[in-house]
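In what follows, chain A forms one complex with chain B and a second complex with chain C.
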Partner chain A sequence: MFNVEISTNPDLEDARGKAVLADIKMMQIKGVKDVHFCPVYFFSGNLTFEQIQTISQRLLTDAVSENYSIAKTDKICADKFNVIEVYYKKGVTDALALSVKKAIKSFDLDDKIIVNTAKRYYLDGQVSFGALENIALKILANSLIQEYRIEKKIL
Partner chain B sequence: MKKKYCENIALSALSDAQLLQLSKTNVLALSLKEMKTVQHYFKLLKREPTDIELETIAQTWSEHCKHKTLTSPIEYQEISGAKKTSHTFNNLLKETIFEACLKLKKKWCLSVFADNAGIIEFDENYGAAFKVETHNHPSSLEPYGGAATGIGGVIRDILGVGLGAKPLADTDVFCFADPKTPAKKVPQGLHSPRRIIKGVVGGVRDYGNRMGIPTVDGAVCFDECFLANPLVYCGTMGLIPKNKISKKVSAAEFIVVVGGRTGRDGIHGATFSSVKLDKDSDVSAVQIGNPIMEKKVLDALLIARDLNLYTALTDCGAGGLSSAVGELASETGARVELEKAPLKYPGLLPWEIWISEAQERMVLAVKKKNLKRLLKIFKDKDVEASVLGNFTSDKKLTLLYNKEIIGQIQMQFLHEGLPKVSRKAVYHIAKEIKQKPIKMSAQKISAMLIKVLADLNVCSKEWIIRQYDFEVQGQTIVKPLESNSIEVSGNSDAAVIFPYTLIADTKKAIVLSNGINVSYGKINTYKMGAAVIEQALRNAVCVGANIDKISLLDNFCWGNCDNPEVLGSLAACAKACFDFSCKFGTPFISGKDSLNNEYSVGGKKFSITPTLLVSAMGIIENINNVVTLPFKKEGNKIFVLGLTRNEMGGSIFNSINKISDGILCEVFADESKPLMQKIYAAMQLHLIESCHDASEGGLGVCISQMCFCGQLGARIDIDNIKVYEKMTPAEILFSESNGRFVIEVKPENVEKIYKIFRPCIFSEVGAVGGKDLIIESAKNKMKIKQNINVLMKAWQKTLWDI
Partner chain C sequence: MKKAKALILTTAGINCDFETQAALNICGARSERVHLHELISKKNKLQNYDILVFPGGFSYGDDIASGKILAYQIKDKLKDEILKFAQSKKLIIGICNGFQALVKMGLLPDEKTFKQSVTLYYNDSGKFECRWVYLKTNPQNNCIWTKNLPEIICLPIAHGEGKFITKDEKILKNLKKNNQVVFKYCDAKGDFGKYPICPNGSQENIAAISNSGGNIFGLMPHPERFIFALQSVTKKGFDDQFGWGKIIFENAVNYIG
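== the complex of A and B ==
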């Protein structure tokens, strides 16, 4: 199992992150200084690290504006930021994952590979768990079709 | 006999109460009379229905599919003071909206109320198809997905009209609550208006943009009544060759489903749209869209259409396969093998496969000799196509799963068996009283003009429009935002699509516009109906449409029609549709209704104000004759066409100033129709430089917009504006009388304009020039002066910080 996280080049503005920050401010939740948005792709099946590297470079990342990192675990690293990860409930169609699955056919890969996606939001600042939950529910996830997990920053 | 793949539902022994309970628990949305009709049908067959049979009937008989409220008998009573009049409609839809179309007998109407969309003639070879749908309930639960599948669904309506039209443009109209509504005012279990707005706009944006179809026209209304029930209207226009308009299914043809796979998404969507929402509403009714899939379906379908590889098609909308196959096979019969439907994941029960509303699917009827070629085209485009069974001649719907018959219903019963229920409807015509004369100083009027321009219902919707690709396909000639300069923009009256990439050497174009007004509906739905019809027509005429060749679509969004008062307001509005469709000579060609827009939580009911959206589609003979709204040149003369009456009822001015009195604007078709004809004639001679209609906000807003998007000021003498009765300057500027246009004319053409427009009511009121809007009245010793960029900023900024 691999997970590939895409982040915006730090020299460029992270528009999605900024939009979420504006929403948080609108809700009058205090303490969040900045938000970074990172799409995440999960791959499981018969894959090598080299293959996942190729997919990340050639398919998932825009080399000019984005960077990628590959991890072998789905554990979220919350040592610098609070993290909220949003993903679809089981049974809900993940159209993005379907497109990725179609696209990786051209890399001569095993077609039994399972692809899932998620959205990760890194929130900079001191915020309570309750406030994070509120942000998740009111701004980032619709509990009707999505689930979320929260990792509060390690103090 | 015990069946393996379905359950028998013991219906025969159930009491009335139990029947109703079953309808509720299984989200069938059937009334007691309907449940008893079903019970009786199966008693005659001497057996119990299976789960899939009951579901099929519920889907087919849903409000969404059969429009039972609008097509059932209605005993209508109208009460105006002490005067009472009664009328019985046997079928409201047929006797009003449809009747107008029959009465008008327009030869250019090619397909009306018969197919997935209405079609009018574009030129000798092509027809133009237009359809507008609502997707309110799903959008309130999952704004992004609900709105995306709304636009996806109406695009499929255009793909599924006749043998398929090519979609050229999308439209969208939304009704929301104020985005700044405080969190504590939002009822439990609902999203905040701000989240709904962002989600809905995002959904339409992503689906439309990814399909490569421009979103070109729309409107956004704001009112508190949409807090629990936002309205999302999505429309699509397309062109279809005239020889592809009719479709016919024959026995033995294959039933082929193409596109996306079937999953558990959107189960009970059709019946769900007919029930009132509460906080425990069924969640599986949400569908998820995939525009990339739909784009591939579109491409493959049009290739197969041009090779004549299928004889009929329709889209899978509400009710999924059950509605699509049921509709296509209504004259023949069908045998469907449900295990052959490709699934997103295993584990679906046969009835779930049958009624799932998974998106991006179409059903085709294919002759045996064409099957191989058709399947190859879809394979090459990477779209799944599967044979589900075949059409038959037995007039029965037979459903199988792994060779076991799990359902068999006669088409006759399915389509004609729905019992008619007579309903009562009452409409109280509210008495309107003229407000006290509105006396304001020049300074106050100037400040009020800024407030009106900044009002949510008038302000610029640029924040939304700029998210849409309104230029893709390169055929949008009049765009949603128009101006003389790149830094500014004003809102167009209508969009013009010039389909030159599809039809080489054409000069013709298609106009799309709309009319909607929520505050009029609160006062009088008959007048509201009339006003929004005229508004849609005026908008189309402003850019150059010929009033003698405009067609209309209706979309009724109403509250709970079990309430006679609510149903009465609907019948009154439908009457207005008949009256004014006839008076303007503009037929309705298609429509849709969404009733029961009501949400209850904690014993409190939230219902919407009756809201009719009228969308217009017109044809322009010569693309060189289109006109836009910005003032073009200093020195040009300004004319106001039409008569201003003291009609402040329901106006933006009244809502800002919390004035409840006022006469609601009426439509005088005998005045405005000749004006519209003359505007068209003048445009053919290039005598009009710019044109805009006065609607929400009145003449003040109309002239301000023409000024700032042209970056040119104007000097207006209000004493010259033709009024019906004595009015104060504020009343003249903010009254919302119908039938008024402002046009700009070159000095050398003024004489010709007088010649053309006589004997209509109109007058020359001023000239274009400078950087200020100056409004003067010698009679009232008044001079209002405001910089045009101050007006523009007020108009632009309201929605920017959303």
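== the complex of A and C ==
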């Protein structure tokens, strides 16, 4: 499995992260200083690192405003931030993943490749697990169709 | 006088194609809505037209990023066709989502490199901005589409990803040096300012650019939504009847004719 994470260039405003931060503040949850938003794409099947790199460069990343990183694991690194990842439940159509799958047809890849997506939020600050769960449930995820996982920052 | 033939490109998620077709036809063009796959499968030939329009909408549901998949598909399947069309000095316009596609495929600001050097990113406000804005026109610009416009016009916008950013300072400098900046967001008096005057946080309030030849034009506002004065909240345009969008499309039609 490959996991491609897209992030906003650090010198640009992360408007989607800022919008989440504003919602958190409105809920009066204290301790969160900043939020960074990263869309994540999971690819599994017969793919090479070079192919994933090409897809990431040509399709998934904006050449001016974004960077990408590729990992071979779906493990979340929480050494600097608290992380909440939101993804669709099994059986719910992941429309973004379907669009990516259609678009990568031109890369001459194996038809059996599976694409999934998630939204990853990096939260800076000291927050309890309960507060993170509250943020996930009340702001970030629609629990009817989505699931989430939380990685609390390693202290 | 030759009647301008316009191709309005449609694909999944495009929703301003009918309105743009009506606007062009009112201005004297003969326009057709053509699906992207008709061009890819060669059922229809791009070179048979004088004007190519990338209309507004939400192509492919704005998946990945606005205009990204459309830009990728065009670059992958129609690169030579589009380049031939652009370099033969025919006219191209990208409106909102169409502008996003044009910059992401690299046709703007420089069709010769055909490489992305600017982008339209998420609005600083983190919101979808849907309202009327004032725009200051650039009299030094040689864009065929925007001749005869007054110094300040107003047009509606509707976008979540309209923040214009260049890859580096050199690109911005070149855009200014070549007078490729066509519109800038301003207030009613023509003064520049931050949000809400600039709805998205664009560099130097840039709302529209052209290529150096002036035949390729991309803008975030929707000129097709202001053909008649009645379409505006103020009910004011020019000659008590028309909106500024009409001049934009008429310029294209008259250039061909």
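The rule is short, and it goes like this: the second predicted complex is superposed on the first by the 155 of 155 C-alpha atoms of A that agree within 3 Å, B and C clash if a C-alpha of one lies under 4 Å from a C-alpha of the other, contacts with A are read in each partner's own complex, and residues count from 1 in each chain.
Going forward, contacts are C-beta pairs under 8 Å (C-beta built on N, C-alpha and C of every residue); 3 or more make two chains touch, one makes a residue touch a chain.
Note that the structure is predicted; figures quoted are calculated from it, not measured.
In the overlay built on the shared chain, the residue A:I70 is in contact with neither chain B nor chain C. In the superposed model, A:L47 lies in contact with neither chain B nor chain C. Of the two partner chains placed by superposition, only chain C is touched by A:V100; chain B is not.
In the superposition on chain A, A:M27 makes contact with chain B only, while chain C stays out of contact range. Which of chain B and chain C touches more residues of chain A is settled by the count: it is C. Shared-chain residue A:A78: touches no atom of chain B or chain C.
When the two structures are aligned on the shared chain, A:I145 is found in touch with chain B, with no touch to chain C. Residues 95, 99 of chain A are contacted both by chain B in one complex and by chain C in the other.
Residues 141-142, 144-145, 183, 191-192, 194-195, 263-265, 283, 286, 288-290, 292-293, 344-345, 358, 382 of chain B are the ones touching chain A in the complex. Listed in rising order, the residues of chain A touching chain B in the complex are 23, 26-27, 91-93, 95, 98-99, 102, 138-139, 142, 144-145.
Within the complex formed with chain A, the chain C residues making contact are 60-61, 63-65, 68-69, 72-73, 76-77, 104, 116-119, 121-127, 163, 165-167, 201. Of all the residues in chain A, the ones that touch chain C in their complex are 8, 12-13, 15-16, 18-19, 22, 58-60, 62-65, 95-96, 99-100, 103, 106.
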